[in-house]
Every structure is written in structure tokens, then in C-alpha cells.
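The structures considered in this document are given below.
What follows is subunit A paired twice: with subunit B in the first complex and subunit C in the second.
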Partner chain A sequence: MRTLRRYRIFLFTLPAILVIGMFFVYPILLSLRLSFTDFTGVGIASDVGWKNYERIFTRSRYLDAFKVTIFFTVIVVFIQTIIGLFFAALLHRLPAVRNLCRAALFTPAMMSFVIVGYVWQFIYSPFNGGLNAALASIGLDGLQHNWLGDPNTALFAVAFAHIWMFIGYTTAIFLAGYANIPSEIEEASKLEGASNWQRFRHIEVPLLASSFTINITLSTIGTLKTFELPFIMTRGGPDGATRTLSLHIIDSLFGKYKFGFASALSIIMLILVVLVAFLQNRYLRSREENT
Partner chain B sequence: MKRFFYQSLPLVCAGALLASAPVAHAVTLEVTAWKGNDSEPAAIPDLIKKFESANPDVSVDFSYISRTDTDIVLPPRVQGDNPPDVMMTDMPLVKVWGDAGLLAPLDKGEWFDRLTPPVQAAINTGDEIHIMPLEVIGMGNFVNMDLLRQVGIETPPITIDALKVACTKLDEAGIKPMLFPGGFSAPLYVIANGLEAAPQESSALGSGEQLFSESEAFIGTLETFSDLADAGCFDPEIQAGVDPWSTALSEFKAGNFAMMAQGAWNIASFSEAENLDFVFAPIPSSKESGVALDLFGIGWSIAAKSDQPDAAKRFVEFFTDNDNLHDMLVAESAYSPFVDGQSGVSQVAAPYDAARDNGGTIMFPFSVLEWPKPLESEIFDSMTGYLLNLDKDPADVLSRWDEIIEDQ
Partner chain C sequence: MRLRHRISGWLLSAMVLIMVAFILLPVFYMIIMSFKSGAEIAQNPVGLPESLNFDNYRNALSKMNYTRSVLNSVGITLSVTVLVSFIGSLAAYPLARHTNPLARALVLLMALGLSTPNFVTITPIYVIFRDIGLLDTYLGLILAFTALNLPLAVFFYTGFIRGIPIELEEAARLDNCSEFRIFWHVIRPLLGPATATLSLFVMLMVWNDFTYPLLLLTDESKFTVMISVYRFVGNHNLSPSDLFPAAVLGSLPLLVLFLFFQRRIVSGVTAGAVK
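So, the complex of A and B:
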């Protein structure tokens, strides 16, 4: 009887296993295989052993890209989570305008990366860009800056555009988390005289643990893989300041016809994403359980 | 009645055969290109109509595919059994696809002998030829003559010394002299001046036989950045990260800067700007001619698995006719790849033409595969970094280029 049950379970999961195997495992294995070749995208691939990986680990530009990727991710995830939580907390207390504001916050995410990239590129333009023009109009000419052209500010500028684009998602997830907080708890805390800050700090934040998990996990994975805005706004510049690993992969694939090398970078990116996601999720899940 | 039917049957059959005759000989030729759309027509739609008129048995099915999408969309088709018959290509594509046996060899016909020597040498690196060149396009210095006249300068600066003088006058008059983004304009200046002064062939540098970091020509060229900055040509920290493909173009087009090194493909766009009195000049250099940095851009290639090889060859041959090609060259502001071809560049490029006539032509090494393509982005990056800190040792900056060469 137990054997039959297991057999049935296996049969029910078989389609999903096939889909995962076909569209996830097989491409990864193929990419792994290609990472040991000099494949150019067409023709015959020749084995080059560990040469591609040796290049990655011995050239500073790829280590720099790794650092950029991590730093960019930290900036985006941290700020996006904080701001999203703030908006959610605010909208939770303003039910009359909640839906309208939620829709407004979600609008940037509906735009294409190209549009967002070019809009923010114009805003950041050192000559008559929106931001510098605004600073000049209020007498802060001294703060005008080449935001995308300075390595010290470019990554933050791109990150801000990324955050602006996806803050709606984060807010929506936190709002969903708020909806799951029992109203009785909230009412009880009010009756006990808890202030807004006390309710937020000691009741809402702990009870939003699962929302934190979802938000941080999705944001991290998505940001680690991102290449769109850095590609459109700065093309990885100035001088590599915004060149993420993903951007290196894209450039290797379609700019330099180094599919084998790009595959090696992809494998490393995969390991990075899986490792970060695993550790992060493990920590966040444990935090949920302790709530 | 039956008699009438049998008597008319042969006539009906004959008519049917005659009516179907044109259809039986008609073929459809699929052509792809990253020009020919509304924003960059390059006269291709009109030329296709002209080709179809001259070849009534061939119908051309044209598809615009951007350059980036060409790298993504076409390889699976070219490797599979569904390639376009004729594709717009450039030398990097020809290198990859040709080496993989995906492009049909082209006959070295009469048109091959008419090619200019640099272009002929570029496409004839192996046993086979896989591209029929369509254009050579200039990369030089756009100069707003109205702004220069405001400071008493009547001709575009051709030498570096003249450039410094012009910059100083412009700067003193409160006019922004130069756009010099590290992402394109600065590299053009460096490549042009470095190669002009270098004693060795550019291919020696591109192969690693000669190191950039040991080249006095390139080191000296980088050292001139400080001189230009001191002359007021540009603020290096501001110019370093300016986007050369959007911000820089719009700033020059708006008349906010006096000079900018860019490609001649911008002539058409700049010509649309009212009150923009500009010329296209060579890149200022140490020689009196300046440098006309020519880029061998695009050409036609035929897929090895084309179902219509004969029609494809006729299509390619059509563009070897100078009268036909000239329409494209005018639209592109480009030069003919043929010795006997007529230039498509307008009078605004007279200074650049003069540089070419005076022996100032240097072929952009990436376009003729003398330098590997991965080096291009590294040059852009390193020039940006150098502009951000002109105190760096030029040899250290150039060693980054050597590292890329080593990785090939």
C-alpha cells in the first residue's frame, strides 16, 4: 500500500520534474558544458579546459564586477525594503487613498526598462538634466553633479532608478502582509495605549516577517541578475563602475561572441545567486520561526 | 455544344500556361539589414524597388533587424535550415560566421578589383571572401563654425596646436569648446593620434606583437590630454562619463558645444538642426592633414544555405553598380568602398575630404579586424577612467589594453 502511494506521488510529480529538467536542469548542464569551450555562438566548439575560469579568477575586472554586483544588490535591497515598508505602513493607515497610491506606486514597474533608463538618464544629465536644473532653480548650483559620469555616484544613481521602478512591488507585498495581521491584535494594542511607533516596532514588523522574507529574497535574486538599467543608463561605465556580472555576460555573448566564456560567468553567477538565496532564505526563515 | 467544348479546350490550356508562366519563374529573396527602417532608411527600400524593377522575376522580402538583434536572432537561423538569403554584415560578424562556414563564398569578380586597397585587404584575409562592402564612413571632428567665428576663427582646427588655440579663445569667451566623452570621442582621438604617430602597423599592436604600454606614440597621445585640459578644451571629470550616444549628440546639436569627435552618420541628423552651422573635419593631430579615421562599416553577405543563391548574387551585384550604391552613400553620408565610386558626403565634410586627399586616412582598426573587438570596450572604459584622473601613468592605462590582447 505504501509502495502504491509513493508510486502515485511520483506519477503526479513527474510532469513537474520533466518541466524542471527540460527547462532548468538541462540548460544549466549545457551551459556548464559550454563553459569549458571557446564557443562563439555558431560553428564548432573546441575544448579549452579551465581556461575560461582561469581568466575569470585572474583578471581584476571580473572581481570588480563581482563587487559591483554585490554592492548594487545591497543598496537596492536595503533601501527598497525600507522605503517599501514605510509606504506600506503609511498606506495601511490611510485606507481612503490606499488603492490609488498602490496603483501609482506600481506604475513605474509597468514601464519598460528602456523607457525608465532613458528617462532617468535625462534626469541625471550633467547638462540641463532635470535634477541639475532643479538644483539650480533653488539656488543649489554647487550641488550640481555629473551623477552618471562619476564613479562615486553612478552606481547609486542607477540603484535609485531601479528602486523607483520596483518600489511598488515591495509596497504591495508588505501591504499583503499587513492584510494578514489580525485586526484584533491591532485593536488590542490600541486599547493598551501603544503608540504608533510602538505598534509598528513591536507588532507590525515582527508579524511582517514572512513579507520581509519574500521581499528580500525576490529583490536579492532579481537585483543580482539585473543588467538592464546599468546597460541602458551607463553601459557599465564610467570605467566599469556600474558593470555587473550580468552585464559582463551580456557583453561577452553579444558584443564579443564569447559564448563559452559567458557560460563560465553564468555558472559563477548561478552559484552566487543560489548561495546567497540559500543563506538568506535560511536566515529569514529562522527569523520567521522565532517571531 | 460538345464539339465547341473540345474545340476550345486547347485554347484554354494554352492560355492557362501563358498566364502561369511568370509565376513559375518568380522567386522570393529574403534580405535582412540593420538599416532600412524609418529612422535609418539608408535608401534601402528605394533600392530594393529599383532592384525588383530590374529583376522582375525576383521579389525581395526585406526585414529590418537591429544590429544587436542580428547577434541574437540570426545565428539560430543561419545555423539551421532557415537563413535569410542575403544579410547585412560587418567584419566581426563575417569573422565569426564565415569561419563557421555559414556564409557563401563570393566570387572575386570585377567589383573586387575596384575596391580601395585597405578595404580589399580587410575582406581578403583568407581563402574566401564573404562580404561585399557597401560603405566606408568617416569619424572625425564636428565643428560648430558659428561658435568659432564668434572668437575670430574661420577654419576648423586641424592640428593639435590649432585646437589648443581655438579652445583657449572659446573658453575665454565663455563658450564650451569640446565634448570629449570617454565612451567614444576621447578614444577616437587617441586611436587616431596614436596610430598616426606609431611607427608600426596597427595589426602589430592588435596581435600583441607590440605592446601598447611600450608605445611612445600612444603614451605621448595620452599625455596630451592634460595639455588639452589646460588649454580649456574640456573639464575632464565632467566629460569622462557623458553618454556619447545621447547626451553628447543632443548637446552638440543644440549648439552648446563647439566641437565633438563623432561619426559622419550624424551629419544627416545635425543637418536637420536649424541655425547649426557645422563642418565635419578630421580629428586634430600632429600632422598638417589631421586624421581622417575611416570606418569600414557594412556589407552584404549570402548565407551558405540560401535557397536562392543565384538571385542572391544578383542582389549583391546590384549594389556594386556605382549609380545604385551612390543612393545609399548619400543617405549614409558615407564614402564608396570602390576606387571609382562617388562619395555620398555633402559639402559640410570638405575638411574631412581634404584630409583624405592629403594622405591623412587611417582605417579604424576594429572595423578591419586589426584589433580584436573586446579591446574596444576596454578602451572606452580606460579612457573614461583616465579622464577622471589625469595623474595616472599612461603606461599603466595602456597596460589594460595589453591585458585584453593577451586574453584573446
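So, the complex of A and C:
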């Protein structure tokens, strides 16, 4: 009786469980089931066994999409973390401009992917786009380029827009990490005569370990599932150079009405995201404990 | 020595300010370009506009269905905020006060919701919505956004409720209050600041998201702001005199909100991430 009463309060979680059940648990299970069928969105789906998965792992275009997704994520996470850390380290030493700069760096994150995508698409555009025009006006005509039209630069160009958008997030999280460093430690190292670089390298970086974990985990998950910027800026082109996994999902779903196949891709994506997040988190946390 | 230190501090500050301004260039560029006509952009692609020309804005406002889509976005945001804060805080209350296998299982369930990419669930949600008639309705979109924001809300409120002294509840319990009355009359009134931060999040999320409305809406009168921007700009093959005013109109309301609440938004982001 007493245990029953103790659990009765969990009735409060019922609405949340219903919502999560309807929008996460049931859809994932349905996706799993659909992934073994040739469902086209209408009519009856027939079972096709592992055919969808086989297709994904044997066709080079899907393997290429994996590579594009992973490569994109690696570039974004790596550069974003470094630039974010750079700004946080500087701003930490400059209290006078800290809040102003933090807010300014955060501004792009307040904009929508749609708008960031379109604005950057125009900046990169070969004719009177901002970047080429700016290069011309400072006499660097030779560097002008069709940034999004060249398969060699398109992915970097999209990644750059993505990094631009989320620099403020990374910086803000690192700054929160800096705020947690006890001031005694810094005072002591200053008295010992440590240089700025020594303090950064041997005191701040190790003490920021948990901020690294949060930043890297968040930006990895966010970037792995990216869809909006490549969708808006390049539609996956040129020549598949920016076609990420999620772009394939939307394309199979609403371009070709291959619901079964899109489901198989989604399941693989879920496994990829959960696996990467899990492994990364475990590695980063063990690193935290060692320092 | 001290003077040298101070001067190098100023120099460093100036340098950082320049770098930050450089990062903000695309935002200024967007605003400057929104006042230029197509011909002016062709002649003078990067400089300041010759005059403040509002023709682009007039054109965008009349063709974008702006007022209607702003009202749609605001209505959807308000509904989602109410639903998320009620369902989320209700669920967070037992999770914050009890640790047993059931609570741990529920926390795991929320974590699943938090880490599942939209894309994994979008196909089935589309199919379910079509079958039960929620496609192309405000209700469907509101429910989908509620689900999207709920896991974060539960974690957010759980952390916040843990910070409320338990003595307040115990006093009420001695007075024989029911658990729901305790939640409603003791806990709920204290959640104001958490709800404010959460609402800003929901606002950001709903205003800027374009995946759900793109896939779940076809009726133009129900479009959110971002879908209006997408349709308006996308249909015109990236004509700059359409793109830039639409981009400014789409970003402005949130940028103004951010200007006023930036401290709260930034600290909310970092608190949400760090906890």
C-alpha cells in the first residue's frame, strides 16, 4: 500500500510519457518496421527483408553520403571548438569587452538556418556575390572562385557557414567553463610568473575538460544530423559533394516517396548518432578523469 | 610596467572587437543589401546603398504574407510554450524528488527523446499525421513542436525544482494537501524564472525551425515565418532584392528579442548545456 502511494505521484509523468511515446518511441519502432518493407506512402507495404539495408551498404552513393556526413562533422567540430576556445581565452582576459563580444558572437545563432543558408549562398555566388566582390575590391581578383559550384570547395563553404552560425555557442560554453575555474589557481600561477601561454596550456585547458566534452558532444550531434544548410545552399550538389545522409532521407521521402528505404536510412542514422555520441562521451569523460 | 600592461590590454581589446565585427559582417551585409535595388547591387555589390530605399521591403511585405505568418508563428509558439511548460514541469516534479528505478527509467526515456534526430522520426510522424488527419493543421504542428521541446524542458525543470527547498512541500504535506495541490500552489508559482527562460528557447526553436512546417504544412494560410521566407525567396531564383529584405524581416523579431534578453538566453544555453 505504501509503495503504491509512493509511485502514485508518477502519474504526473503520464502526459509526458504519452507525448514521448507518440513522437519518439512509436515512430522509432514504426520506422524499424517500415525499413524492412517497400512502403511508398500509400497502399499496402510488402516485406522485402534486408533489401533496403543491402542497398545502402552496397551502393557507392550512400557510402559517399556517409563520408560526406562524417567529413563535414569532423571539420565543423574541430574548427568550431578551436575558434570558440580562442575567443573564450581572449575574452576571459578582457572583462571590459567580454559581455559585448559574447552577445555579438551569439547573434548568428539567433538566425534561422533558412536565412543563414540564403544569405551565405548569395555571399558565395560567383556573380556580384559579396565574397568575390570583396576580393575584387581589395585587388585579389585572382582568388575569385565559384565557391559553391566547385565540388572541391562546396563542402568547406557550407561548413564555414555552419561554423559561423554556432561559434557563439561554443564560446559561451567555454566562457562558462572559465567562470568555474577557481580564481586562487589563476592567482597562484600568476605569482609563479607563468606566461599567458603557459597558463592557457597547462592550467586552463586541463581545467576546461568538461567544457570540451559538452562542446564536442553537442556540436557533433548537431552537425551529424545537419540538413538545412546543404539543403538550402546546394541541394546536395555539385556532384554530390554536399549530399549528407539526412539530405538523402528527405530526398527519398518527399522526392521519390520511398518511405521504406527512407526508414532504413533513418534507422542507420539513429544508430550512427547514438553510437558516435556514446563512444565520444565515454572517451571524453575518461579524459576528464585523467586530468 | 603597469602602464604597458594596460596599453597592451587596450590593444588586445581593440583587436578582439575588430575580429568580432568581422564575424558580424554578414549580418551588416544583409541589412545594407536589403536597401539596394537589383541594378544597384550589380553596379556596387559591396558598398553602402545610395539611399534608404524601402521599395524592397514594400514588395516583400506584400508578397510574403508576412503579417499572417508572424501571427501563425506567434500563436504556435505560445501554444507550445504553455503545453511544454505544463507537461514538462508536471513530469519534472516527481523526477526531481524521487530516485527509484521508475524515475531512472523515465530519465532515460527523456534522454532518448533528446538525442533522437528529427529525421529518424519524421517519416513515421508524417504517416501517422496523415492517417489521423493532423497533416496541415495547427494542432499537428503544435504537438510535434511540443514533443521536440519536451525532453529538454523536463531536464530543465528537474534541475530547477531540485533547487527549491523541500521544507516548503513538507509543510504543505502536514496540512494534508494533495500532491497535485502542492505542485500547483507551492511549486508552480516558484517556476516563473525557469518558465521565462524556457519560453525564450521555445520561441527560438519554433520561430527558426523549418523542417517540421516544411514537411507537415501545405496550406499557405498556415505557414510559419520561415516557410514564408523559404517560399518567397526560393521561388525567385535568389534575386537579391527579394532575398535580403525577407532575411531581415525573418530575423528582426528574434534579434530584437535577443537584444533585450541576451543575458538570459546565453546563460540559459550554458546552464542547459552544463547541467
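Here, the second predicted complex is superposed on the first by the 264 of 291 C-alpha atoms of A that agree within 3 Å, B and C clash if a C-alpha of one lies under 4 Å from a C-alpha of the other, contacts with A are read in each partner's own complex, and residues count from 1 in each chain.
Just so we're on the same page, a contact is a pair of C-beta atoms (placed from the backbone, for glycine too) under 8 Å apart; a residue touches a chain by one contact, two chains touch by 3 or more.
Please read these numbers as outputs of a predicted model, since none were measured by experiment.
Visitor: In the superposed arrangement, which partner chain does A:Tyr283 touch: subunit B (first), subunit C (second), both, or neither?
Guide: Once the two structures are laid over each other on A, A:Tyr283 reaches no partner at all.
Visitor: If you stack the two complexes on chain A, which partner ends up touching A:Trp50: first (subunit B), second (subunit C), both, or neither?
Guide: A:Trp50 contacts neither subunit B nor subunit C.
Visitor: Which partner does A:Gly41 reach: the first (subunit B), the second (subunit C), both, or neither?
Guide: After superposing on A, A:Gly41 lies in contact with both subunit B and subunit C.
Visitor: Considering only touches as defined above, state whether A:Tyr118 meets subunit B (first), subunit C (second), both or neither.
Guide: So A:Tyr118 meets both subunit B and subunit C here.
Visitor: Could you say whether A:Pro126 touches subunit B, subunit C, both of them, or neither, answering first, second, both or neither?
Guide: first
Visitor: Taking the superposition as given, does A:Gly149 touch the first partner, subunit B, the second, subunit C, both, or neither?
Guide: First partner only, subunit B.
Visitor: Is A:Phe254 touching anything from subunit B or subunit C once the two structures are fitted on A? First, second, both or neither.
Guide: both
Visitor: Of subunit B and subunit C, which one contacts the greater number of residues in subunit A?
Guide: Counting contacted residues of subunit A, the larger count belongs to C.
Visitor: Intersection of subunit A residues contacting subunit B with those contacting subunit C?
Guide: Dual-contact residues (subunit A): 41, 118, 121, 125, 253-254.
Visitor: Of all residues in subunit B, which touch subunit A in the complex?
Guide: Touch list, subunit B to subunit A: 68, 71-72, 75, 78-79, 92, 96-97, 99-102, 182-183, 237-243, 246-247, 251, 256, 373-374, 377, 380-382, 384-385, 388, 403, 407.
Visitor: Tell me, which parts of subunit C touch subunit A in their complex?
Guide: 9, 12-13, 16-17, 19-21, 23-24, 26-27, 29-30, 33, 41-42, 45-46, 87-88, 90-91, 93-95, 97-98, 100, 102-103, 106, 109-110, 112-113, 115-128, 143-144, 146-148, 150-151, 154, 179-180, 183, 204, 207-211, 215, 226, 229-230, 233, 238, 240, 243-244, 247, 250-251, 254-255, 258, 262-263, 265-266, 269-271, 273-274
Visitor: Touching subunit C in the complex: which residues of subunit A?
Guide: 6-10, 12-13, 15-17, 19-20, 22-28, 30-31, 34, 41, 87, 90-91, 93-94, 96-97, 99, 101-108, 110-115, 118-123, 125, 128-130, 133-134, 137, 164, 167, 169, 172-173, 175-176, 210, 214, 218, 221, 224-225, 227-228, 232, 246, 249-250, 253-254, 259, 262-263, 266-267, 269-270, 273-274, 277
Visitor: Write out the stretch or stretches of subunit A touching subunit B in their complex.
Guide: Listed in rising order, the residues of subunit A that touch subunit B are 40-44, 55, 59, 118, 121, 125-127, 146, 148-151, 154, 234-240, 251, 253-258.
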